[in-house]
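Take a look at the structures listed below.
In the two complexes that follow, subunit A is the common piece, with subunit B as its partner first and subunit C second.
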Partner chain A sequence: MHPLGLYLTSFSYQEIEKKLRMAKSTSSDAQMLIRSLRTAYAATPTNLKIIDLYVVYAIVTAVIQVVYMGVVGSFPFNSFLSGVLSCVGTAVLAVCLRIQVNKENKEFKDLPPERAYADFILCNLVLHLVIMNFLG
Partner chain B sequence: MARNLRLLGFLALIYASLSISGAAVIRPINEAHQSAALELFVPINGSFGSLEETYEALKTFQILGVEKGAEISHATCPVVVEKLGSSLSTSKDLFHALRVNSILGCQIDSRTFEDVASKLQALIKDANSLLDFHYAVGGLLYIKDQGINVILSDADGTFHSIKALSQSDGRWRYDSNSAESSTYAAGIALETIAGVVSLADRKLDQSKIGIVKNDIVKLFDSIKSYDDGTLYFDEKHVDASEYKGPLSTSASVVRGVTAFATVASGRLNIPSDKMLGLAKFFLSIGIPGSTKDLFNQIESLSCLKNNRVSIPLILSLPSTVLSLTSKDQLKVEVTTVFGSAAPPLTVSLVQAFHSDSKDTPVLENQELQFDSENTIHYLDIIPLKLDVGKYTLIFEISLHDPENVNTYATGGRTSLMSFVTGSIKIDKAEIGILESGAGGSETLQKLDLSRDSTLSLSANHLQKLRLSFQLITPLGHNFKPHQVFLKLRHETNVEHIFVMESSARQFKITLDFLGFVERFYYLSGKYKIELTVGDAAMENSFLRALGHIELDLPEPPEKAAHPPPQPVDPYLRFGPKQEISHIFRAPEKRPPKELSLAFLALTLLPFVGFLIGLMRLGVNLKGFPSSTVPAAFSMLFHAGIAAVLSLYVLFWLKLDLFTTLKALGFLGVLLVFVGHRTLSYHASTTAKLKSS
Partner chain C sequence: MAATAETKGPSTLRNAFGGVLGVFILLLIGVLAFSIRLFSVIKYESVIHEFDPYFNYRVTQYLTKNGIYDFWNWFDDRTWYPLGRVIGGTVYPGLTLTAGSMWWLLNSLNIPLSVETVCVFTAPIFSANAAWATFLLTKEVKGTGAGLTAAVLLAMVPSYISRSVAGSYDNEAVAIFALVFTFYLYIKTLNTGSLFYATLNALSYFYMVCSWGGYTFIINLIPMHVLLCILTGRYSSRLYIAYAPLVVLGTLLASLVPVVGFNAVMTSEHFASFLVFIIIHVVAFIYYIKGILSPKMFKVAMTLVVTIGLAVSCAVIAIFIALVASSPTKGWSGRSLSLLDPTYASKYIPIIASVSEHQPPTWPSYFMDINVLAFLVPAGIIACFLPLSDASSFVVLYLVTSVYFSGVMVRLMLVLAPAACIMSGIALSEAFDVFTRSIKLQLPNILDNPPDAGDMNSVSSIAQNDASKIDSHATTKSETVSKERPSRKNRKKEKEKEKENVEKVPSHSENKKRLLVLPLEASAVAILLLIVLGGFYVVHCVWAAAEAYSAPSIVLTSYAHDGLHVFDDFREAYAWLRHNTDVDDKVASWWDYGYQTTAMANRTVIVDNNTWNNTHIATVGTAMSSPEKAAWEIFNSLDVKYVLVVFGGLVGYPSDDINKFLWMVRIGGGVFPHIREPDYLRDGQYRIDAQATPTMLNCLMYKLSYYRFVETDGKAFDRVRRTEIGKKYFKLTHFEEVFTTHHWMVRIYKLKPPKNRIRGKLKKPKSSSKSSSSNHKRAGNTQKNPWQ
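Presenting the complex of A and B:
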């Protein structure tokens, strides 16, 4: 056997072995990652969790509307835009609220959460006035 | 159908030509005026509006002999009594009230009249404008007519005050301040002076009367005339504000002059022709369309009927069309303006001119006989050998009694228009096709033009069509009507009209088709032939269809003119219009309803998931304030948000932006207040928790 061939062969063996090991570690890594994420997230305060739930709820609703548009067509286009932007807009506002309420953010340390909540309410009302006007 | 219409138009043309000449004929006032007066003056609840209008209506009815007084007096007399008794009434009101009373004869005691008379006497002393004098003097005259003894205290002074307003040309001014003089005012002034003369306690100086007579003569120098010999007065300067029009102005002058002539001693030096010309002017108006015009016309004619200057006699023809076929008589009426009988007189036809020969009279000096039963002067026209045509007749009236010559105005010679019509004989009518070359065989057919015929001819462009006939009047002369037309009409309604000329006792036309090929647009085929013969004096004017001719014309060269487009039938305009089809935007594609509802349910699913997630997170309402006031504020805060959201829903469903914003303003202020209280309470409790 050619030495180079041997070398090549041994290399390829090594490669395969390494790949197999890597694959195994990737799936376990992913599991580990998710697990660590979940444990880390469990430590999140409940009020932030509620906001996250709200954001997810809004985004899912927007996605359903986009799917409906894909199935049916975008005829009352302003209505579609109003529906989707209402959800996305409120989700963005909720994210802003989350940033301000989060105690870890030193930037907003002096800002009381009540003030942030009032902002959230005001912005939502303005947003939906525009949405209603555009709804047609 | 089309032919009938055309025939109708043709007859209408003849009728129009007759009625135009008829319009110039002057006829005395007759029953037509009575019915016109009844139509124009219509009382509403027994009243005609103002007292002035009431007087005009009542006076017109009185002159025309229409009985209307009883039903009017019921509603009008209380107004008259009120005006006479009121201290606020002006001289104008009193004048009109007294005028109306003079016709209606309302129940008014003599004390009222005396009061009014003394009031008017006082007004005359202060009067300075012509109209003030006119109303006051006129009012006093009417009181005098009621049997009350009224004497104008300062007749000379009043006369001078009125006379001071006169101008050198016989016109008057309304007051001393106005620069313009007016003919209408002259009439009023003369009427007022006549009133002053009859109210004066002693006779006025003759020299004063003479001055006024001179004024009247000067005024009549400014009379104007129309072409038909009628005379009228009009203002010299047409001033927009006070311009009355010829009828009102003439009526005012006639009223004034006749009133003055009645009271003034001696004759007025006015030519009788002018009085007759004025009478003819009023009569030539016919039946006016407005109440004011009718009143002016009728009242001035009634003034002229019995005036002391000269009474106009109107000579008129009851019928201006005399038919030889029915052996009509030439009838002439001589009456006063209201159609009543004239004094004994003789009418003679001085001259009669045919319209063709205006210089040589066809008749001279024919005396008309008098039919005393119908008060008509007549003359048989058959022995006069008058042929058909249009005539100008000149009449002269001679009164039997020489004393009447100064009383009546006959106007010398009177010229009137008249038609003599008759049936025209059509003779030697022939039609045929001729060969173009000389010596061609003449095959002329006899034609009966008294009825439609159905000829069938054929020709090519090398042949000729000939039509000839004679027209002979009842007296055997040649007759030349106004209209003799030959019409060829192609199947495509292209028409060609040829005027037939008369030559050598007959009407003849020869159509050489070779010369007409281009004019006929090279259109071969069937042509209908129509012949029109018409004249106002021809009783048997006709439009005949003669049949048709089949023309064979050469093919058109390339540059030949195309026949003009035929005018669209005017009746098509009233037919149904072409239907209009509208283009609408196609409706957008819509999904099935079920799919949309399913997705609606699907969008609600995440909300359910959100609620479930909240429950799993263990959300509770423990943070809700427990004490009363903060709890109330908190609840108000949430209710406010709910209200704003439901307002948005309403905005989406039915409200407009302005209403929404208004409501949102109020809700927003409330929400900010309540939210601030609630959230600051929350913040303070959290701070307390932290500090503790």
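Presenting the complex of A and C:
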């Protein structure tokens, strides 16, 4: 065979090997990433984990509603809008609460958690008042 | 301990005194804002001005008489005959609800003010509120001194006065207050990170959506600012708390208002807020992950996410763009498009282009409307950058965007006014800060030892040491601001520059941030000059309020050699209509006068200032441009009984219907092609003298304006167009004149009923042949007059 051709094939073989190694490393990297994420998250305090669970629940409810709308159609559009936005809204407010209650957050160390919780309740009250009005 | 207690005593006393003084000043600012807008009530009377306020007044009357449920469900059949108008769903209810609740509150306290009085004085009351809101906003950005200065500037700025005099009962009267208050609550939330203020912010935004269509400015400016903060690396959890609840609550609250409804989620004006909502969640998530992972793992996570996320987001954005691009206007409403592209309205929507408020402003109007602030604003921008905080970057962004929009439309100078006042307040306050500090620190030295020319260095360096000891908020900004000052005081220019160079050397030698101290005489003169500048501003504002912006435009005055002439023709005509026609008679006029006719004359009109139906307006415009018989046919088909025409030729009133005639032709010709504008033009101009085209001399507008005009002075000289008219002696065949006001400004004509017997050639019954022939003709040649 032509020496250049030999060189080319060996070069391509090296490339394929390198790509395989990279893929293996990315998958192993991904595994390492997920593991480190899990260990880091396990270290968060319980009250924050409860808030996170609430956020996830709200988002899942919103997704269910969107899927339902996709199946059934969006006829009372205001009801759909108020339903989805109430889930998204309470999730957002819960995230804000989490930010304010998190002990690692330097900006909010002077804020007593009771005040944060009271603000959260107030904002939720307003949100749900509007939702009830808009639900139709 | 004793020393600190001692120093605390006088300082707390001084703080308390300062606080009381501040409250007193705020009170005076409110009184000033209220009273400077009362010129029209003093010079004329307590009456509603212009055109749009009459509609708001009529709606408020209905609200106070019938209660809120009837108001929400009101279908108005006395305008846009025969279409009617759904008032509940097409009006911004904020202003009427505010005035209605004020009236209700006062009446329940047994203070029997009439609805008209409450409506007339709503605007001055809310301008006082707006001044206080400006104080709060500027206090959040820069401090109390800047706040007070900005508040007093806003209380008097002519641009805001022009839309909020006593009697100008329009949306902007409460909307500017809502705008500034919403911005204040946003900045407060940004500064404190409190969810309580975020809730209040959403509620204030709701009030703004209720009040004015300009709320889209807020819902686009705040996302722009959030994006700016993220891009400049200023993301913080306070930003998330300030923005995310506002978007969700704000969208919901905006959809509650019937006028906005589902537009809050479906029009392009709101998409920016949703996009930035998604972006801020992504950024927040990234920061969270960065916080809990080690740096190496974070890099791995980033590469993974970027590759996957990029593919997904490209797909989503492609779908989204396809969706938006498929609609003809790309999802934007006509008004927003005309703001973004200043040439859009003149090409596609002649009605928007025809309103004089929608024209671009000229340079003199900037100096008329914001006067001295026009060149204090750049100084304020620089003061905002030293140091740059979230709040000051927001105010700079607000100013820049409002300057652009004010350049598109004169009407939006109003949105520029608060921004200009805030910036100028900051600039003036910083300047006063530097000068008074210079005087304060150098005064004891001057009193102790007399000044020596060579000693100036030591004096200033001693003063600088004091300055750096006393105040820990370093202000290198004052250095730069004071550099702006010398550019305006030519006499002291060289002296100050030399002193600054001398002072800069010792300041650079030490790393501590020093406060700039200027020489004593320069500071004293500068303070005096700034006060004189303020004096010029006040004089101009009071003059503008008294002379330029207080005219109620329903009553006109002029000073002739024999005293004051009052032209009350409009109300005369409306009163005549009210007393001499049947309740169900329809009145046709150009759309400018629709609101006033329904409010004051209480008669059904064909088109009014809402201008929501272009074809209907084009119908009226065509009728005004057609010869008498064709116009009679059109008006008869609309059940019109009376036609109202405004004519200024006898007294020289320039805003009459003949001057507006070109819009009637253009709008009518835009929908009905048999009206061709060149038919009315001679050498590219509209003329009514002997050189006018026959089409012009035969059209209804000409005839109704100049019927019997020759009887006034024998020569029929039109004072507005400054020529004698072309056709002087003519009779009206299909209309009869029923009323002309004292100065011939409003002329009312009645449609003559069709003749009983038709002399001459017997005409075939028109209905069958007309429909068949018009159908046939429409298929072939669309240029034919649809009414014949």
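Quick notes on this one:
By our rule, the second predicted complex is superposed on the first by the 134 of 136 C-alpha atoms of A that agree within 3 Å, B and C clash if a C-alpha of one lies under 4 Å from a C-alpha of the other, contacts with A are read in each partner's own complex, and residues count from 1 in each chain.
Following the convention adopted for this analysis, a residue touches a chain if its C-beta (ideal position, glycine included) is under 8 Å from a C-beta of that chain, and two chains touch if they have at least 3 such contacts.
In this text, all values refer to a predicted model and were calculated from it rather than measured experimentally.
Aligning the shared subunit A places subunit B and subunit C next to each other free of steric conflict.
Judged by the touch definition given at the top, the superposed model places A:100 against subunit C, while subunit B stays out of reach. Once chain A of one complex is fitted onto chain A of the other, the partner contacts of A:112 are limited to subunit B, with no touch recorded for subunit C.
In the superposition on chain A, contact of A:133 is made with both subunit B and subunit C. When the two complexes are overlaid on their common chain A, residue A:57 makes contact with subunit B while staying clear of subunit C. Legend: residue contacts after superposition of the two complexes on their common chain; A:18 is shown touching neither subunit B nor subunit C. Counting residues of subunit A touched by each partner, subunit B versus subunit C, the larger count belongs to C. Superposition on chain A places subunit B within reach of subunit C only down to 9 Å, the least C-alpha distance between them. Within subunit A, the residues touched by subunit B in the first complex and by subunit C in the second are 133.
Of all the residues in subunit A, the ones that touch subunit C in their complex are 26, 29-30, 32-33, 36-37, 40-41, 43-44, 77-78, 81-82, 85, 88-89, 92-93, 95-97, 99-100, 104-105, 107-108, 111, 116, 119-120, 122-123, 126-127, 130-131, 133-134. Of all residues in subunit C, those touching subunit A in their complex are 193-196, 198-199, 202-203, 236-238, 240-241, 244-245, 248-249, 251-253, 255-256, 262, 265, 284, 289, 291-294, 297, 300-301, 304. Residues 46, 49-50, 53-54, 56-58, 60-61, 64-65, 68, 71-73, 75, 112, 114-115, 117-118, 121, 125, 128-129, 132-133, 135 of subunit A are the ones that touch subunit B when the two sit in their complex. Across the interface of their complex, subunit A is touched by residues 588-591, 595-596, 599, 602-603, 605-607, 609-610, 613-614, 617-619, 641, 644-645, 648-649, 651-652, 657, 660, 664, 668, 675-676, 679-680, 682-683, 686 of subunit B.
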